[in-house]
Structures are given as structure tokens and as C-alpha cells.
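To keep things simple, chains are lettered A, B, C, D, E and F as they appear, and every chain counts its residues starting from 1.
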């Protein structure tokens, strides 16, 4: 049936919500076609050994621990908030996200004009946040007594109505745009691929999870890279190669016309924009770049 | 003028509706840019020998027969429903679709709790469907007398108000989700590229249609494949090659450093996820995969 | 701060509105990731030497002249309408656009049934347009006295309420669809990358702008091209090569099996659809095409 | 259960699609709250004796005949197209619609430049329409042999690709806007409340349907009317009353201040805009108008 | 400033989310215009003594207790879940909602095929819900040990992956549509207007809250009622009045024409549809009904 | 034809854009049904003597002066910006708007941290605005030399890139939310109904425009008012009446039961919420309020 997670499959939890489409797209580039089914939380996946279910990122680590699923992708922040750090296997860290590749940060923030300057100043105050447990531990560690209230959504306004908030930001710009000031960073978080401890002990499941991890990392790696090919006159080869990043070993193939060689190399996309003008000046012609699906070193 | 199909061109009918964007995208990968024009059923196409018009898939085979268009893409189901199987040339079958690559099936279905078990049990009953003619023929073939009513759209509820429906499904899951039960499959259908018989006799039109068919098939083929390159030490080459599917003849180029060779191969995207971990274990490094536009064997 | 254009950076103006997403996509293929920030006109760009701001295409050349920005992309039409042709440096012309690669034309149009046939017939009439200055100069050049009124948006109806309009069209089809008739073309326009004259004199800024221009042109070039690879038996090589456009010098690499060679070439995407069937007939097998990110000749 | 039409209730078919929201709104003003339920064709209705189901207007008369429902609202055109005129009871005609109160017309139309001038000229031609049966009968009546093809949706373009269309219009303006010319009107249609013949014979069902008809008509009537109150000095009463439409008998109540009377009358909303200025000139003050829910004469 | 709740005003918390627009509409009919301000949680309200803020219904009772706001509208369920029943004043109960006027019910549900029949059967099981505290208390009261997990959103699927859910339903139909079975009702809930205990002691605040409560109830009352007027011949007055619900005392005004009287009465909208046909049969004419804004008994 | 403004009608210009739907709704309450026609700027209007066209508010006064239309509704700001104050007749001022009834203000604003404090400080600076002419006149009046640049849309950011802006605000809150500071108000504006001077001299056109003005004002007036009815014991009548605003003369009708009177009065909606509790305390019962369409004093 389509609305169950078969026990015989590797049961994979995918994050719904803001991470959903980037996760599905990443699996697509890794070689797994995941297609959503209308009105169902069970996406179809084109591998008979895998079954998938969409859960909120907040809940995934709990269901991994409860063995509802064997493994899943979720933010490190929610693993911590649920207190599951020691109860799951972290297979690998994955640095994809919608907008930037910065880790998301949970920051303690107050109105710009607030007199509060340090965690100590929160004694006896009210703070709103979505990560209540993590925030309470943070204040306990600092030895301050704070009333931490659970609150969803756009909590900036709460920093004004209450005394402060702990909210998520990638670059800090939304914090500044709301005329808030960051007092401290409580937790930095990236996405993790995690496994249930018992599932990790099952050999075929473990190998499957390791393969998936290799392919996901290969797909993330490929996103930031391009293939570059160019034709170089034999006598300019050294000069051209000197421009390439030293860690790269280019593929050089001899052409029919022996005065020329074809040089091919995989580059960081960011290097490309400095490199191409330099390569052209060094004598390369017919430079092309092409997209990659996967890069496995 | 832009709102006519010039007689001197090859007049192509494209399906509007749910197949429209996947069809335009397929032509794009095949090398034909088709751009919709606001409020017009005549898309622009970047080949002066071609003119295109959007019709509902249901109507295309009829207009091919009437010579309003020379050729078109439509579902086999509608060719059959219109009774045009013998009146058109089927140039090729195309297996693209939005969600899956399964053929669409028209199934006869009843409420789960219905006593009906076989076509015979429909004698004297009412059945709703969008493919009235095909359904009538089906029941005639079984020698049962059924009142077949035409009905659009989400007809599941009709299976409850009437006695049964004939409706479209890819995987059967929407049928089950509505607590219906499949009694029989009436017709399986994929997309076909069909031609008017007279147009097929015109040599330049026929060659053009054959070329389009080759490119469309090449583009569909490419969608399910990737290019893979890797560097292999000369002494591990046999072991690496042994991992590749036997029908593949890899391109092996010697590199400047004679201890290494570059191996390149075209693979099914699905094989890739098993293969990459295996190749890495066999000694390959610098494995990359890249997307393809077209594969013509 | 995120809401300023730092003086120390190269300040780049990008067109908001209908050209916005195609411009950002073009920069993406050129190697610059531009990400919009909610509620901000300052997109993030992954090059610390660059800062960007979104302005309407209509305003960009004015802000280049005022040195609010160092350079920008905008239509030639708005450079002319603002009277800035001689006040900016045109770095390069760029022929990307959403629908077609035709230059946009501003045409003088009247209702089909109007007696007006030439610019002279507009003497004493009222004409509505968004490019008031350009239209006034046009009529002055023809020595006719016309009341040119500023008007936004869908001005076709104004051609009926007033005496005529000057409006934008790519192919003329929207004009005909409104039962209007083109009397004359006032101005043809493509997109230009323009610079402030003082910024152009700063060496690092100039080199940066030249590099950006090279990469943008390379990305536009790549959009219309594909890479093609095929395997050819040694004895058919001449015949296959004879089919390739003469200006192309293919890369030919010898394979392990010495009876075959691998041929690789970069083609116009439009040639491909004629070429592939011909190459196959000439003996090529295993033909694949793949997408390109950038082509720098 | 909510997904059945209980046999013991009066089963009412409501038109889905373009008439749906105006029908539900009309029932609301008539005193029946109908609330849609997500993903269900069975709206909830706040009268335990009534059950409702949404069907396409095209199908309602067929299901009334088949006794799937007892009564329903649909267009007269679809009653005719289904050949059900004599098989159902027409309880009343209802003149509500989304845009105008004109009856919808099905017109036979051709391109403006077509030589066709009368039905006779269609001999041997192809005509596309959604009302195939009605159109065939029309041409049979005129003794012409026409190939009538079924076609959905925006069929204007078909008038150009084929020889003509039969399409729906309220004012004819969409026809003219597409440069078509009306040759003849095939059928005029308003909405009808129809009943199954057997259901009509059941006394409580009949009385219920008659009550519904009265309330629906009262609600339609009220939409075009307003209540008007004003204060009039006793000595101007005759003059004020002379301005009122003669068929109206105003309610005149004596006030505490015996020099004044309060006059109240129900008016067509259209009369109001002429009347109010006239009443004010005749001496009325404190004129107010108020909306009505229902008017039963 | 607009982004504060002034201490000197009565600070009112309004529920955001699914109840937001019906609440604003209710206040509108009660005489308070509340207008949302883009990107702000502080709606503008046209009474200088009132200030408003939008919070999630889940949080409102907590902020009433914390004195962030003086009063607010929220569901009784969230007052209970937050454990605030005894910490706030309940000013009045309000029975408006989007779809029905039924109280919302939180029900304990399991898959239809589950062997679980009573709360006792949950011993050792996992249950997902949004109201964790209330659910835990419920099971404690029954003396069963259940692992209650917090879960957002469409939790029906969780009833299958875990052992059961506690979810919200108005009519139970969404539960049945998901093939779940209700084991018990945990909590019934309507909307409440609640106050902080200290604010309730401030005389002007208390009077203001009581006035608001009166107007809100008057507006809710009016929604279900209509005004009805009719003209009745003097000699039929008793018969007509006999048809009216006995608790209604109609306003009878004598008209100029002494043979007729005008009768006016306020009715439940639901009575109207039975009454109007009866009144007409009893001799009333010129029956009109009109909408009401407010009814204060 | 539907796409012309007949010379024989009163040609009315309605503002498209943000004022469009509130204007059409206002005309609706005034007694004129205006229905938009898809893809047409000519709305249908149910008065054969009237024809209407939608123009941008910015352009309407110019077309009134040019006699393209006889009259129109537009903002006073655009009449001034176009320099048409003395060229049109102002029939009446209308105070409807989407959000508030405050006049819109065009304010000169600078970043909060800017040293600019008065108009004089703008000497030699650049200011961006949509009302270039009005802004230039303003600075000329103050004798300062400012470069006023035309700019559309969200110009707040321009206050930071340039030196200041002149932008529209109703309450000033959007200005503050962008951390800008208001230096001066340049122009206050409400909506005006204006006429062409020649059309005003045509008697039937003038009377028609005056009637429309009366009905529009009556409809605006009604929006802010409600009708209130209550039953009052004869002996409490004076006390109840004493609570009513003194300028109101209530309609008092004697009832059948002579111990009671019915009191009816038209009130400002804002008064109602103070009055109803007071009236109830004074002895009134059966208080109802009802909505009004039009109030003509």
C-alpha cells in the first residue's frame, strides 16, 4: 500500500516546509527521483529499497529515536532542542540551504534601545522562543533565572512586548531590519543526515545510508563546481596550467593536430570568473564550461 | 499572419492542458524553442518550416484526420476514443509524462463495498466516464447492457451515486484513496506522435516528421541518462571496467601522465547510484557526472 | 550594513520588473550568484568587490550619470529617452530577453481604419506614449507639431481615444491583435551594459567591468549552443566531418580501440536538429549532446 | 454519513463551476446557508430535510431524469442539449447570473471575412461546438448537411481553423472582439429550477420545492430593489407622492410632530437614482435607502 | 508610536490565523473598524481608548495572565491547554466561527482498523497531538500511561504511524474521511472573551470590556436574524400574528389607509423560510426582509 | 460598439489601480452597477446616458481638459501635478478611500540620521518623487535650487541613495517604519469629482453630474451611519431621547400597545457603540441596528 512505510525498506524522513523543495531537488541530483503525491505525506521514490515520509524538521529526530523511521534529514538545532544528540547516529553534515550556505544561527536579541547587554541582564525577565529547551539550558548554564515562553512565528515584535527573543537568522540582516540587537548566539546549526542506532547496525541499511550520504555530498559538491575545457597550443601549455589552482590536476589529451592539446579541469564556480579572463590572456581558446551533476573526489 | 497555420509549413498539433508544459519542455530539449503567446493558441516556434497550434489532447487525432493539422502529439486513449486508430500514421511512441513513466490506465472501478466483481455484473447499471465510446465498446465486447453516461472531471463520487466509473489512473493510488476498487483495466495509453496519411506521403514532410521523432526520442532518452567521467590508474582499469554494465563500451583516453587513463561512459541515471560507490571502491577517483540533452544510439 | 552601496565596491544597477529574473539568471550562468532579499532592493551578490541595487530599467542610466551607481544593465531605449547616450560608456550590447532575441521596437501606431498614413499626417493631433522625449524629437525631426502626452501601461485603447500611440512591440503581433496599424518605427532597442565615465577611468573597476562583460557574453553565447560528442569509425571520419559547419574545428581524440575516434564539437543549438540526423546517416554512433554554461571563443 | 444523498431528504443538485458561487450566494439570501466542504461535492446545508450535491450544469438534468437527485438548478440550454425538456418539471425560471441579467445566447458565428451569410451556406462544412445535439438539430431543421464536431473551451480560434462555431455569449461583445460575425442565434437560455416528475408527485417534496422557488424568487427580486424612507411635511405629501411610481403604495406613518409624516416605499434600485434628486426637490428630507434580503409581492 | 500598546489604553489581543478575518469582521459589525497594517501585528482600531495586537490563539491567554494585554479573544481549548482557566476572567462566550456554529471538539482518534476501543487500551502507546498538556491530564485521569508527543498540523497520518492522535474537528467528517475512528471527545471548545484579573478591577476598563461584550453579542445575534415587514389587512391581523413565533412581540403601526396595518418583527433567519410561505397564505402582502447589524434584546 | 465612448452620452473617467474597486463599489451603493469587462478598459454601466472608461488617476484630469471625457474621479494631487486646477470644474469633494478617511499627504522626507531639517537645507541636493512638477514648484517657492528626479514606486530606499524623497502617506507610519523623518508636507489630497468646463455648460450633462454627485455623497454618508430602532416605554421616552445626539430628530411612531413607542434614528456608526449601552440602561429594549445604502440630508 502507498500509505505505509514498509518495514522491509529503509525508511527515510524528509523535512517538509521551507527545506522540502531544496531537499527533493538535492536527492534528484543525487540520483533519486522523489515525486510528491497530492494530499499525501508519502512521496514516491524510485528505489524499491527506500520508502519516504515528510515530517516537519522539528519532529524528525524524535521519530528516528522512536524507530518510526530509520533515518532522516533535519537541522542540528532540532536534534538539540529535542535532546536527541546522543540518541542518534550522525551520518554526515550537509551544507545546502535555500539562500546561503551559512549555518543558521539562533540568536538572543533585544530591542536596540534596551539596556540589556549580556545574558546576566535577563534575570527575572520574559523571553519568547521556539526552542524553549535549548534556551532554558542556555540560561541555566549562565546561572540566570529567566521565564522562557514558547512562541511561534515572527517573534520580532515579541522582543518589544516582552524582554527579548531567541530567533533564527542566517545573516543577521532580518534582526537589524527589525531594530533589534544581538546579545549572543545560542546555537549554530546545519543540516544533518541522522540514523537510528539499531538501523545503523543492520549491514544492508548501513551501506545504503552510506551510499546515500556519498551521493548527497557529491551532488552538493557538484553544485558549486563546473567543468571547464579549452584548447591550448602546446607551447603555451605551461603558462596556462600555471594559472590553474595548484591542487587541480588537469586532464590533458593530445589532439589530432599535434600542435594543440585539450585541457579539461573541474573548478569551483567562484574561481571560474577570475580564471577565464586569465586563461584567455594566457593563450587558451575555445573555452567552454559545463554544468555537473555530481563530484566524488 | 500569426493566427493562421500556413499551408506551406508542417502543421503540428500540441496538446494543451496537463501535458502542455512537459511537451514544450521536451521540444526544447530536442532543439525546438516553442514560446507561448499570450491569449493565442498559436505558439511561436523557431523553425520556419514548422507551425504549431495548441488543441486539447482529446481533439488532436480528429483534426489530424480532418487535415486541419499534418501531425500531432496526443494520448493513445484519445486516438482510440475518437475511433481514429486506422485513420492516422503512428510515427512513434513517446514515454514522457509529468509524474511517472508508467502508461496511464483507464480503469473500471466501483465502491469498495459494492457487490460488483466483474464486467458481467454491470448488466442494467449506469456507468459514468469521459471515454464513452471506448467504454461502450468494452461492454459490448463482454455482451453486457450498460447505460454509459458522459461525465467530466472528478468522477470518483459518481462511482457512489451511480454504479461505477471508468477513470484515468497512473498508479491506482487515487482510486484506492477514494475507497474504490478496480474491476478491470479498459485501456492502457502512452503518448503517440501521429500523422495524417496524406501528409506522410509528402517526402519533405515525412523526412521532417522522422527527424522530429528522432530528436524527441533522443531527448527522452537523455533525461534518464547521465555522462560519467573518472580517472583510473592503468593497473585498476580492468577491475573498474568490470563494474560497468556490460553493454556499455566506455571511451578510454590516455592522459599525459601515462600511469592514468580517463574513462567516460553514458549510464542510466538509476544505475549511477549503485555504480558510483562501487567504482570508487574499485579505485576510480575524480568521478564526475554531467547532464545530457540528447542521446541518439 | 546591508542597505547601502559601499563606495569601495563596484556598484552595479540591475533592472527590476520584467527583465529582473532573466538578468539574475544570466548573472548566475556567468558565475555570479545574486539572491534577492525579501523587502530589499539590495540583492546579495557573492563577490565582495561587487554591490548591487535594483532600479527600474527606466531610471538606471540616470543614476549611472549621477554616480549613484558605477554601471548597470538597461535598455538602449531608456538611455535615449533620458538623453544619456553621450554621458555614459557603453561596455557591450547583450542580446538576451524573455521571449525572443529580437530587438524591442517602439512603433508609432494608429487604429487600422485611421486615415493617417505617415508622420506628417499627425500635425495637430494627440499621441500618447511612455517615451515622451524620444517621441517629441521624432516629430520635431519630421517638422510636425504634435501634442505628445505621457501615458503608462496598455495604451492600445488610447490609439482609439486619442489619435495614435508610440508603444513597445517585439514582433508586431500585439499591435495587430489590437487592430492597430504601424505607421513607423521610432526606435529599436537591445539591452546595454553601461558605465559611468569616471568609474571607467578607475583601472580596477574597468577591468572588473570588462571581465563581467566577457562572462555575460560567454553565458549568452552558451545558451544558444550545445556540446556534441560522437564515436566515428576511422574510415568514416572524413565523411562525418564534412557534415560539420566549416568554421568548427572539432576535437578528435583517439580511443583505445584504434578503429574508432571520438569527435567533439560545439554547435549552435539550431544546427543540431539538422545535423544529428545527417551525422547518423554518415556513420556516427553514440551521439550525445550536453548543455553548456559558458562559451568564450 | 456525509457522502451520501439520504433517500429521505429532498435531494438538490447545484451547478458547480461558473454558476456555483452565485447560486450559493442566492440560496444564502433566500435563507439557506450552504457551506462547501473541502474536497467534497456534498455541501452542507442547514435544513435537515434538504441534501445537496454539486454537479456540472451540463449534467444536472440527466441526473434529475435518472432520479439520482429530486431537483436542481441548471441552464435551459443543457436541458435542451440533453434532450430532457419533456422529461422534467420546470418549477420556475430564475434570472440571476454573474455579470448581466440577459439570457445567455448560443450563436452560430463565422470569421468576419467569411462568405457565409446564412445557415444554408454551411452545407458540407465543419462546425465546432459544445452543444452538438442542439446544433445538429438546428441544421437538420434547416435541411443542411453539416459536420458538427464536439469542442471544449475557447472555440473562437476554431471558427478560423474550421468553418464556424456555435458558442455562448451574453452581449455579443466577445464575439466581436474576436472578429467573428453572428450568423444566427440557435438558443436563448436562462437558469431553471427543475424537478423529477415522480418527486413532484410527492406532496411534501412538492411543497418544499414550491417554498424554495418562492424564496429564491424573493431573493432575486430583493437584489434589484431597495427600501426608501423619508420625512415629508404634511403639506408637501401630495407632491412627493406624485413623484413615486404609480404602482407603488407607500406606507405613510404619522409622527409625533403632526406636521410631518414618514413615508416608506420599496423601489427598483434603478429608479432610485432618478427619484432621489426629484424627491429632494419636492420637499422630502432625511432620505435614506436600505438594502433588502427578500421581496415577496 | 504605532508599534507599541499604550499603557493608557485597553489593550486587546486578537487571534491571528484561521479566526482572524471572522474576528475582524465581527468587530466591524459590532461598530469597531479594525484595519490591518501591512507587515505589522498592530491593527489600527478606530477607538482611541483601545489598542490591539494580533497573537496566535494558542498564546493569548498566557499574555493576558502576564499582563502584556488586558483582554483578548481565544478558544477555550487554549485557555485550558495553557492551564489558565483559573487565572483569567471569562467575560463572555461567543459562538461565531468560520463554517459552523458547532463547538470545536478535540477528539482522540485511531485508524478504523485499530483494535483500540477505549482510553484504557492506550497503555504503553504513543499519541500525537497539539494539546500535549490537556491530553496528558486526560490519560492521567484514566490512569493510563501514554507517551504523548507534540505534533503540528495534519496529524491524521500520525494516527497510522503512531497509535493515535488527539485532533480538532467540528463535525467529525474530516476524521471519517481519513478512515479514522473517534474513541472519545477530550475537550469541547468555543471562543471566549477573557480578561486579566487586575484589569477587570479597573472600573473604566471593566465598563469598556462589558460594552464590547454587549456589542459583540449583539452583532452575533444579528447575524442569525432578519427584520421582516409586511402589510396586513386589519381583518386578517389575528391570523397572521398567530403564525409568528409566540415569544415575538411585533411592532404594529397604523397606516393612513385604516383598513391596513404594517407589521414588523425580528425573526431567526431559519424561521423565515417556513414563515414567509405561511404568512403569504394567511393574507400578508408586500413582505420584505432586511439585514440587521446588531440585535440587543 | 462597446469599445467607444459615445458622444451622445455623459463620458465618465474612473480611476484604475488602487482606487478602482472602491470607486466601483461606491457607484454600486449610489445606484449604478458598473461591471468590468475582461480585457477592456470600458466597464459596462447600467445607465444608457452614461459611458465609462478606466484611466490611471494620474491621467484623468488631462483627459477631462482635452475633452476625451466629460468628467471623472481623481485625486486632487494629480489635478495639481498636471497643472489643471484652473482648467476643470470641481463638482464635489469625496472622502472615501481604501483604508482610512484621512486625506493622503505628499511629504518631503529624509533618512532619520540626515542633517537636513528644513526645505532650505536641500540646496544643491537630489530629490526623487512621482510628482515632479509640484515638488519643483514647492522648492521654487522656498527659493532653493534642487535637482528633482522622477521616480516610480517604493521610493523609500531612494531617500537613502539620494538626499530625500517626496512620497505619499496616509498616517506617516510607513515613513517611520522605513526610518525616515518628515521634513514638510507638500500637498494634502482627497478625491474630487471634476468636470470639463464645456460639458458643465450643457444643461442635461450638468444636471446629470449634479445628481451623480448627490448620490455618491449620499452613499459615502451612509457608509458611516446606521439605522437604529428600539422600543421605549412611554414614561422613559424623555430619558432615552436625552441620550441621543441633539442634532438628531428621531422618528417616533405610536404602537398598538399605547404604553410603548417605537423610536427610530439615523446615527454615526461610531456613536452607536457608546449609545447602545446607554440606551439600554435608560430603558430601551429590542434595540436593533441595520445597514444603510444612502443618506441624503
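The rule is short, and it goes like this: contacts are C-beta pairs under 8 Å (C-beta built on N, C-alpha and C of every residue); 3 or more make two chains touch, one makes a residue touch a chain.
All of these numbers come straight from a predicted model, not from anything done at the bench.
> Just to be sure I understand the contacts, which chains border both chain E and chain D?
Correct list: F.
> Following contacts chain by chain, what is the lowest number of steps it takes to reach chain F starting at chain B?
Each step joins two touching chains, and the minimum needed here is 2.
> How many steps does it take, at the fewest, to get from chain C to chain E if each step moves to a chain that touches the one before?
Steps on the shortest route: 2.
> Looking at C-alpha means, what's the farthest chain from chain E?
C
> What chain lies farthest away from chain F once each centre is taken as the mean of the Cα atoms?
Relative to chain F, the chain with the farthest C-alpha centre is B.
> Specify, for the interface formed by the sequence copies chain B and chain D, whether it is same or different in terms of residue numbers shared by both sides, with half as the dividing line.
Counting which numbers both chains contribute, over half are shared, so the two copies meet through the same residues.
> Can you check how far apart chain A and chain C are, centre to centre, with Cα atoms defining each centre and the answer in Å?
One centre to the other, that is 35 Å.
> Chain A to chain D: how many Å between their CA centres?
That pair's centroid distance is 57 Å.
> Please set out, as single numbers or ranges, the residues of chain C touching at least two other chains.
In chain C, the residues touching two or more other chains are 39, 253-254, 290-291.
> Looking at which chains touch, is this a line, ring, star, complete or other?
It is other, because the touches fit no line, ring, star or complete pattern.
> Go through the chains and record each pair that touches.
Final set of chain pairs in contact is A-B, A-C, A-E, B-C, B-D, C-F, D-E, D-F, E-F.
> List the residues on chain B that touch chain A in their complex, please.
99-100, 171, 173-174, 176-177, 226, 231, 253-256, 262, 269-270, 272-274, 276-277, 280, 285-291
> Considering the complex alone, what residue numbers of chain B touch chain C?
Within the complex, chain B touches chain C at residues 1-2, 30-32, 35, 37, 39-40, 44, 46-47, 210-211, 214-215, 218, 222, 227, 251-253, 266, 290-297.
> Enumerate the contact residues on chain A facing chain E in the complex.
Those in contact with chain E are residues 3-5, 41-42, 53, 56, 58-59, 62-63, 66, 68, 126, 149-154, 157, 160-162.
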